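In the two complexes below, subunit A is the common chain; its partner is subunit B in one and subunit C in the other.
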Partner chain A sequence: MTVTATPSRTAALVRPVRTRRRPDVVRSRVAAWVAVGVIGLFGLAPIYWLLVTAFTPDEKAFSFPPSLIPTEITLEHFVNLAKNEKLFGYLVNSVVVSLITAVLSVIVSAYMAYAFSKFRYRGRTSLMHLVLASQMFPQALLLITLYALFSATGLLGAYTALILSFTTFTLPLCVWMLKGIFDTVPSSLMEAAAIDGASRWRTLHQVALPLSAPGLVAAGLFAFVRAWNDFIFALTLADPERQTLPPGLVHTYLGEFQTAWPDLMAASFVVSLPVIAAFMFLQRYLVGGLTAGAVKG
Partner chain B sequence: MRRLSDAQFAWLLMLPGLALFGAIIAYPLVSALVTGFFEQSLVRPGRLFVGLANFADVLGGDFLPVFRNTMIFTVGATVAPFVLGYALALALNAGIRGSGVLRGLFLFPWVIPGVVVSFLWLWIFNANYGVLNGILGTHFSWLGDPDTAMLAVIVTKTWASFPWMMVMLLAGLQTMPKELHEAASVDGAGTIRRFWSVTVPHMKGIAGIVFLLEFIWNFQHFDTIYVLTGGGPAGATKTFAVAVYDTAFKGFDLGHATALGGLWMLLLLILVAVYLRHEKEDVR
Partner chain C sequence: MPPMNRRDVLRLLGLSTLGVTALSACAPDATGGGTARPSGDAAAKTFGFTSWSLNEEAQKAAVQAIVDAYASARKVTINTASFPYNEYLNQVTLKIRGGRLSGAVQLDVAWLAALASLGKLRDLSAHAAQGGYTEVGLSSGQFGGKQLGLPWTTGSIGLIANTEILEKAGVSELPGTIEEFEAALNKVAKLGDGVVPYAAATKAAQLKDILPWMKTFGSPLLDGDQITVGDDASVAAVEWYKKLYDAKLIAPDVDRFDARALFAQGKAAFYDDAIIARGVVAGQSPDKSLTEKMKPLARPVLSAGGTPQALLWGHVIVVVEGEGADAAADFAKFATSDTATVAGFFEKVKLPPTTTAGLGDPKVAGDAFTTEWTEKITKTAAPNPFWRYAGYAQIETAIAEQVQAVLVGQASAKDALAKAAETAKGLQK
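Right, the complex of A and B next:
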């Protein structure tokens, strides 16, 4: 694409002005590339380094100065991971907790979002704002009495404590995301169902929910990622053998005499994969949800 | 069965969610604020009412240094990614080739789990084998020195959050009508002039919200700081989140932890109130 191709229809009318603008456009495009280059280096070099370390043999990784371009590649760190039974246990915990959190979040937030979207009643607006604000309370403070509460009810250490907490913390965003989606389901469809004799429950389950399926999947993925990534609650509320990968990795690798950095980078890579996959799908929902249809496509 | 009114049906739908909010957020929050007035241990049962003693202790002790650290971290870790994210959004919006692919690529630091972010930068900052020291030819302990630890933590958090800023601000830029810029340049406004007179006013709403949200999140951020430094060295990176957590779960002192937490909450509530007002105005 050439620079002259960008100015639009008005260009023909203002030819002299456009000619004067050309160096301006070139300059801002050069500036754009410089910005992308500098910030890109900052943004992507660490990820490059994670990958390089994960595939570098120990004796090379622990040499100084490190070579920026790998000279030797190995899979030994991934083999080490696969052989580590404790890590496998953490992985199972992560999968169980995140999956159940995702399903529970979708169910609870869909009902709530539907109530917010399709009915008008006293207290609705204030409640919506409260839901939005609730994600901003300091979790380190909540954790103290949650610990006591779960301890008193005998739930401390079990999956339940984690799942209930994570589900609650995903609700604000899931509810807002799904409310936006239910808002786009025309009320006339529901009225039609009601005229055909469907109860409100049937209308909800057989009309509104199927039409919102992609949104439900997005909300579920978001909740899954939230549970998968959490550190502080999993660290504090779960027994050592019930902990998920983030605190599990800290226990396994940090605080030792010498951290096995390449193994840890390999583990980090593996832990990040499901999240990256989920976000590739989620990207447009998150942006779209927060900017409310302002972006095309 | 008697048919429910619409309002009753709506409340029934909200019941599970409200129950969770009550049990996991509202009750613990109120209970924590009450605990601030008691002397109570995490490991021993029973408690003793001590009035404002915990608050007095905290205000005379931890509060000021912790508040200072929290503000330094919050301002640094909000302004830096905001500037980087804004610059990147402007660059990607300037119509350069492959900006869609680049946007996806730049999301990675934000997408990967927070603990992984911490591991990665621990390794980069490592005094003996770290790549940063490798490039500089030094063996400096970035996270172990009270003078640089906070800076290192801010760099790490900046890295993890600038992509979110970029995405949100880019979305805002893309809603800006092209005609505005064209009209301004016909009137003879240069790039810089157009940025201040066209782009900035158009972006005020979204920029304000992302800045405020990031500020609120950083004000209570825990993961990165805790894994990178644990609040050290010599308390140089001890923010509210770390101080409250450590007082409760390492010192087992619930009274002082929740008193400090109560003061922290108060400051946060002010921020949240500002956010909600902003949000309302924006919705209108």
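Right, the complex of A and C next:
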């Protein structure tokens, strides 16, 4: 007679034996969850408060003591935002300036980083350090200098002034980020391409750049966000009709005596959506790009 | 990144120094050289008008109406520009120094000295003599013996009371002396229900509000060029403030924004603000009749018969030399002294005019709150004596930080103010 085990019996047989967890393991897990909870709360609380304020009617937004859970909700501030054509103009300016800054930063920094990574020449280290040092200049000094420079060249007020100024402070980090990535591309691949008859130009464009795509995306995203968030350069160097969202929001909602907090919060939430979307869409490239070159194989 | 040895570090430092030097060489100098200078025909019919009010919801339509009225009546072209209030002085300074801004410019009275130091403001004494301005108004536009600004609105930072709370607490009359003020605060404190008797500034950002109290106790703040903060009177003022703080008659962590919110919610009996507060607070309050309960009062004095102290507040219009400066000066006079214009402006934005005729216009004189404010507070208001220094904001901050240290019990008033005075002396430029 053969005995055949039913599926339930088999499952019962293979069920892992439960062991009692040691108290110190439990404690450390609880501590980890508490830590994650506290950090999460710390990070999400401002976003929660922004949203609550954006949906709260003006007279309730200033209630004292403030209420964590809104008792009344309104869409009026989002409607105000939709009706504000000037803000749409600032949004267009932000998109144009940030996109061009990102593309320009990636193009220029890719060539610079490749030259630093794959060529050996006199003064290379000094040049690399000079690029790094330029990151250390105080913004106020750069602003005054760029103002004078653009004023003298007639570029003040134009998109060009904004794009060039943003690129000056995105380039150093982009270059160093991409240099690290090019360092991880094996030189043997370049040599193989050269043996196959590829020129240096072709090797760069058909071998090195495709392999560094995540890094290029990460650098581009960094430059985009940096340009998107800048306030003081955009306020100072651009004409009112070419200013970007940060000065635009300040112009629109902050006054000598009053700040339209609920309207400002609604606008801040809406204008941060493109950046959030970009991060979500490009997340997989971003993680790879930022960590590439961190460990040399 | 390759590891850096000592030679690399030195090279990096050298390159940084070289870079900074090169950048500094390109930057405009302190006198405004290095870039284009204001030029053009001063008598031209095109000029600029720069104003933060042109971009603020509550005022922009009213200001634009003045610009349009003048432009069409005098057949001139006015190019308007605006910067946010908090960035305004930096932007205007940079643009004047860069030679890219001329014409009429709206200024906060506190900024006049900082802009005057650029040496590009026109003396408007001749226009001021014809405008019929009040003495206190004229004083707000004077610097270095010249009339550099025509007063557009003149008010003051003063005390406002919520008469409903005072009635509930059994305070029938507004206090006139420090003693009466303290008694009123103690009565309000007994109401409980989270009511702050006096929503005074206790955050460093707004603790410059202590300065009029120091003057109330007898400190001149500045005697010639000698800073008197730290004298017996200013120490007594801060010790009194600390006493209110310890007795919970004033609350911790309050700035102007918090004070307005408290007052708007009916949770403060007194607070300090400018005359424009009426509209701001009303907009934040669920109590639609709050403005009727608001009453301006002169700052209580040390003993009966004393002069109430208040900080002058207001806006002036200055003229920066350059294209259209003559027309800009005429515009400044029109905007600030044409009676129909200033009365119409008051009707829309509730900012008090600066001319005797303007204040006497029925539209203005019929407004009891404004009339009371002008009579009780603005009449004896004086500019902050530190405004004459370009670094006045840092001086105020130095004092505010030390007063805050006293409030939280980190220092005695005497030591803290001596330290504040020492810091402030280094900023007298």
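By definition in this document, the second predicted complex is superposed on the first by the 225 of 297 C-alpha atoms of A that agree within 3 Å, B and C clash if a C-alpha of one lies under 4 Å from a C-alpha of the other, contacts with A are read in each partner's own complex, and residues count from 1 in each chain.
By definition in this document, a contact is a pair of C-beta atoms (placed from the backbone, for glycine too) under 8 Å apart; a residue touches a chain by one contact, two chains touch by 3 or more.
These figures come from a predicted structure and were not determined experimentally.
When both complexes are overlaid on chain A, the residue A:V250 reaches subunit B and subunit C alike.
Once the two complexes are overlaid on the shared chain, A:P240 sits against subunit C while remaining clear of subunit B. When both complexes are overlaid on chain A, the residue A:P210 reaches neither subunit B nor subunit C. In the superposition on chain A, A:D58 contacts subunit C only, with no contact to subunit B. In the superposition on chain A, A:A260 makes contact with subunit C only, not with subunit B. Legend: residue contacts after superposition of the two complexes on their common chain; A:L149 is shown touching both subunit B and subunit C. The partner of subunit A that touches more of its residues, comparing subunit B with subunit C, is B.
When the two structures are aligned on the shared chain, A:I276 is found in touch with subunit B, with no touch to subunit C. In the superposition on chain A, A:L50 makes contact with subunit B only, while subunit C stays out of contact range.
Of the two partner chains placed by the overlay, subunit B and subunit C both lie in contact with A:H129. Residues 62-65, 129, 132-134, 136-137, 141-142, 144-145, 147-149, 232, 236, 247, 250, 254 of subunit A contact both subunit B in one complex and subunit C in the other. Within the complex formed with subunit B, the subunit A residues making contact are 1, 6-8, 10, 14, 17, 21, 24, 27-29, 31-33, 35-36, 39-40, 42-44, 46-47, 49-50, 53, 61-66, 68, 107-109, 111-112, 114-116, 119-122, 124, 127, 129, 131-134, 136-149, 164-165, 167-169, 171, 175, 200, 204, 228-229, 231-232, 236, 246-247, 249-250, 253-254, 261, 264-265, 268, 271-272, 275-276, 279-280, 283, 286-287, 290-291, 294-296. Taken together, the subunit B residues at the contact with subunit A in this complex read 6-7, 9-11, 13-14, 16-18, 20-21, 23-25, 27-29, 31-32, 35, 42, 84, 87-88, 90-92, 94-97, 102, 104-109, 111-116, 119-124, 126, 128-129, 131, 133-135, 137, 159, 162-163, 167-168, 171-172, 174-175, 178, 182, 185-186, 190-191, 206, 216, 220, 222-223, 226-227, 240-242, 244-245, 248-249, 254, 257-258, 261-262, 264-265, 268, 271-272, 275-276, 279-280.
Residues 58-60, 62-65, 125-126, 129-130, 132-134, 136-137, 141-142, 144-145, 147-149, 151-152, 156, 176, 180, 232, 235-236, 240, 247, 250-252, 254-260 of subunit A touch subunit C in their complex. Those residues of subunit C that touch subunit A in the shared complex are 1-2, 8, 11-12, 15-16, 19-20, 23-24, 26-28, 34-36, 52-53, 55-58, 81-87, 91, 94, 98-100, 108, 194, 257, 260-262, 264-265, 267, 274, 276-277, 280, 283-286.
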